[in-house]
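Alright, structures below, take your time with them.
Here subunit A shows up in two complexes: once beside subunit B, once beside subunit C.
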Partner chain A sequence: MNRDPGLRQRLQEMVPFDWSLLRHIGSEPVPYHLKKWWFCLGGTVLYLFIIQVVTGIALTFYYVPSPDEAYASVAAITREVRFGWFIRSLHKWSAQFMIVAVILHMLRVYFTGAYRRPRQLNWCIGFLLLGTTMTFGFTGYSLVYEQLSFWGATVATNLAEAVPLVGPLLAYFLRGGAEVGENTLTRFYILHIGVLPTVAALLVGLHILLVRLHGVTELHFEGETVREDERHFAFWPEHGTTELMIGVLLMYLLTLTALIFPAGLGAPADPTVTPLHIKPEWYFYFNFRLLKLTSLRLSVVLTLAAGAVAFLWPFIEEWLSRRLKFPDALSVLLGTLAFLSFLVLTVWEAFAG
Partner chain B sequence: MMNESITHTVTRRDLLASVAMAAGLIISYGVLGIQGLMFLLPERLRPRTRRLFAGQLDGYRAGGVQVFFDLSGNEILIRRAPAGLTAFDSTCPHLGCRVHWEEDQQRFFCPCHRGVFNPDGVGISGPPAAAGQSLAAVPVEVDEKSGVVYIEVKDIRKRRA
Partner chain C sequence: MSLTVKRYVVAALSFLFLLALLLVAYQESRRFRQEAGLEPVVTVANRGCVDCHRKDGPALVMEWEFSRHAQLGVGCVDCHTAEKGDLDGWTHEGVLISALVTPKDCARCHAREHEEFSGSHHARAGEILASLDNVLAEKAAGMPGNIADAVNGCWQCHGSIVRFKRDLQGQILRVGKEAKPVIDPDTWPNSGMGRLNPDGSKGSCHACHSRHAFQASLSRSPENCGKCHMGPDHPQIEIYNESKHGIAFYANRGRMNLDKVGEWVLGRDYSAAPTCATCHISSYMTPQGVYTANSHDVGERISWTLRPVVSTKLNMVVYEDGFKEDFPDTRPLPTIGDLVETLEKVVENERLVSRKVSRRVARIVSWEDRRKVMKGACLNCHNDTYVDNFYKQFDDLVVLYNEKFAKPAQALMDELVADGILNSNAPFEHDVQWTFYELWHHEGRRARHGASMMGPDYTHWHGMYEVAKHFYVKFLPEVIEAAAAKGPAMKQKYEDRVKRLLGRDEHVWQKGLSPQEAEALRKMYEERYNQ
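Moving on to the complex of A and B:
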């Protein structure tokens, strides 16, 4: 066979990129503890995010973002389009899994102190990603346009109105008017399929770039006996294989949940009748319970304040430890308390009916 | 095999494991991909039809044509021939104009390009004849006992759940 000897060279000419760099980037040594799954939770979130993007694009082929058609189009996807129920269930369940994985990832990063200098900025980016993920969940849930999602959107935008200073403007912007209506659905739609994915992709890119620039946090465990030559392994193919296996496991779990608990559909949205029991998605339970325990304004201010502290925690902790000789154990205690209060509020709301 | 001369550490067991894993991945993600494609390609359903009441057989004069409308507003021309009822969509197969029945000539006529069809809907003159086109037949049936006439037309009801 007479292969053009210049083909490779010409390709190189057209795409002047040093391909050996890829190999270099791919063979980054990573610490041995990345063999454990709880150190792979960031990759888990990324995998689920990719599933969201793929199934999400597929769903937009049939979804119609107008108050008259939205519910019927979701019903058609669920009941008539081939594999529609499966694609929709995958989208729904991987969203739920993604929130869980984000929370677990944050817990891992927090309790291993991986957010500390010099990685403070990446914690902040990660926290923004948490916000993006939750906004994804909220806007996506509202697109179904069933009773619960309609009234969820109503309650949530009214909550936004209670944000100090910018609240009324924010709520007006989100709803595209004084109340949830025609404009709201198109706004949520474009946020969900255009704005948020772009923001998320940029933040994820930055997040991974910073991880790569800093390298994965090296941990030393008490009493560990690891030979020096076993302290690291190559990102590719070793870690890649780990991530692949996690991906397969996730796919398996997602398929199972989609089969056993396929995404359902409640009654269509009716702006004239509020259902007796309305509840947001579980990851907003903490806020819902807080709202019942305190006043509207106080719950919003508390949530915002907690969010701000969590967002800036690496810097706050640094400042505290410089000023007050803040011990590490106290950070662990505070983190535990914060997570436990989230957990307690969530479980309380879940069982309180 | 060339691989063996380069990497001595690849045992048969390793190789088999890798091949099995790669094959498993390709098969499972492949199945998912196929399902995804099936999701994106709209199902080519046989068009849904609906039986429509089209009067009593007694109401049809021999050799005459009655006009009915299907659900999208298309004219359906029903003719009582000696052998029974025949029904046609009045859309001319040439360029979509409406044909009408000319009783005195015993023919269907399309005014746009002077297309002529015989009572069986077959093009006999003008562009449809040149292209060998006929009027689209519409299934028609008569209930023996009651003499009620039904035509089978496309259903346009919204597919709502």
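Moving on to the complex of A and C:
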């Protein structure tokens, strides 16, 4: 009589994977500074991304991506669907939180020099993730199909048109025609729920893989005495529980924000009526201000140039250090100036009306 | 650079970033509140006025803050600014302003509305200052040196001629260190619809769009029109309240969308009931889409005039300069391109005078066209047959009043004047003149207006019943009484005249009903009241 092999063995037979590897991966030693929450912003972004995916799928059940029905379907989600307003508000606010977390995470990485050799490629991936996140925000905002989203899309595609060489083609591709219209909404929808999530998932996967392969950057603060056996701790359960606690706190904050500031709805899109104020989302304010200060073409060129420098900064800095003995402090100074410029332009645009 | 220093840099930049986000959020929320109308936009030009008048007249500022103007950043100076040379202008806190905001001022932004209004009956409401009504208020109810009845009564609806106090040299009196002009208190404050303003404009937008909140819901509400369209001589608001339309409005006020910003279209934005504005000036849906009438020419859809002794259908002639003139259907119409001598009333030296102006005809709107536009509103709820039958009922009532009472009474009055019994310069000397005036001006209008707006009680008991009763028991005896004062021959002439009139088919009923009618009447009372 054959003995029943048991559920565990059956599973092992069906999925011939060495599960002990998970334990090995999970027990990856991480540096002691990760005990502090402000070093956990990378995990925060991942957590918010997961919320985006879950709430986004829920919204997809009710959203209709056609100019005639998009606004009405968002109105129905907000006013009629049970808990629709809450899911929509969570989606909106987690997107905002995500952009904030990405920026804070990048600040920390930049100023602690965690982008330097051998992690240059991961900085580039992180930068692409920032761009993806902002594009997520922009396309999502446009799907609401209210006045501001329609006119925001019009301005943004005009900006895209001003990109040297590929601009007109890019704008035509985004709009699905010469003007923002029926095809634009469909294209933004496909980008928002199909292309961007795939790109983001791949980049996140690659980003984490590289972090795992390189290990987390070791930071040693002057004057801090840490015993050798305390310099590292296991990813699981120590760091995992810290991340979980942050997740719970984030969920609490998100719920509170969604309750106090639920996602609203402006007037429906009307291509014949230009609103008094056309504003993109806040994270594009810097670019909008630059546009007003210069010209459409120059602002786009400046933004692209700044983006390219930031994207390739680990390599540029390395090259400068090698050739000109570029001091570390200068990197900090340049980063500070660049970020302060971003802040000033953003606040300026907010108050400029 | 040490890692500790870098840590502080990150902390400082993160703090600044979050601070920037808070600032952006604050500003965004402020802008949202402004756009949603929850917060006024006070521009630099208006900041001083608002700050100071908030202490001086806080409720006034609060009302403005509540207005759509405030949401759009249109403030005190934008409306109250005066031009150099304006009689009512003075420099206040360094800015040339005027207390009096006229349609000409409003036209700086609302040009279309101003143009429509300027050609309307409303803009000419002040021309009543030379009418019998004004004689009654200034002479009959007033006394030399005191025309308070006209000032407080007629002029507050019809409008005053805004005048200034002047010195012995005829110069406008100015007081205070800012040399503020002194307006004749008999003529201001005044929110009359046809106010005659020092800048030559006619009217007062404030009559319907009460300052400083300029609430759409207020001007769309029937009560707003009811300030003037009420009382014994034109009780439109009472008739409306009595009508099915009025009943539906008051029962469904909450569903009327009266606060709607922008266009307010019957059949799209609301459906529960029509208000005065709905039928006379607002937009409505048609099978072809929105009829964007929304005209500030309040008489555009009126096909009968129900105001004079005898009603007539009204055609409208529009001249090339935009001047509009009603042509009763008894007056031959010109053709397009004709040069017509028109009579226009204007203020010269603070007095209303008539001026003849030759104008070329640009467009003719027949009474049928005007009625068609009115019917367009009706058709949002009723079908063609219903609307046509209503107009048949209404037309018949006006014809009945005209033919049975108004025309014979007018003919008798004309004869009395021709025979020298009545002095046309003394319009209220004899009882018959008072009775005749009330017959058409009060009772006759009530009957006609009652029928025009589906008010059964005003049509009959307050209208035709009173017309008939006073025609038979007051007017006709007073005609003979006035004639008798002139001598027996005249008395005899008018007795015969009245006898002939009462011998007409429509009056012979007075001599008695037929036996069948009398029996039916007796039986009805017996069955109904057991008497």
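Observations
As a working rule, the second predicted complex is superposed on the first by the 346 of 353 C-alpha atoms of A that agree within 3 Å, B and C clash if a C-alpha of one lies under 4 Å from a C-alpha of the other, contacts with A are read in each partner's own complex, and residues count from 1 in each chain.
Keep in mind that, in the parts below, contacts are C-beta pairs under 8 Å (C-beta built on N, C-alpha and C of every residue); 3 or more make two chains touch, one makes a residue touch a chain.
Everything numeric here is computed off the predicted structure, so don't read it as measured data.
Once the complexes are laid over each other on subunit A, subunit B and subunit C both fit without any clash. In the superposition on chain A, A:244 makes contact with subunit B only, while subunit C stays out of contact range.
In the superposition on chain A, A:282 makes contact with subunit C only, not with subunit B.
In the superposition on chain A, A:308 makes contact with neither subunit B nor subunit C. Once the two complexes are laid over each other on the shared chain, residue contacts for A:81 go to subunit B alone; subunit C is not touched. Set side by side, subunit B and subunit C differ in how many residues of subunit A they touch, and the one touching more is C. By the document's definition of touching, of the two partners only subunit C reaches A:347; subunit B does not.
Superposed on chain A, the gap between subunit B and subunit C at their nearest CA atoms measures out to 13 angstrom in whole units.
No residue of subunit A lies at the contact with subunit B in one complex and also at the contact with subunit C in the other.
Against subunit C, in their complex, subunit A makes its touches with residues 38, 100, 103-104, 107-108, 111-113, 219-223, 264, 276-277, 279, 282, 285, 328-329, 332, 336, 339-340, 343, 346-347, 350-351, 353.
Residues 54, 58, 61, 72, 75-76, 78-84, 86-87, 244, 248, 251, 265 of subunit A touch subunit B in their complex.
Remark: subunit C residues 1-4, 6-7, 9-10, 13-14, 16-18, 20-21, 23-24, 27-28, 31-32, 35, 72 touch subunit A in the complex. Every residue of subunit B that touches subunit A in the complex is listed here, in rising order: 21, 24-25, 28, 32, 35-36, 38-43, 158-161.
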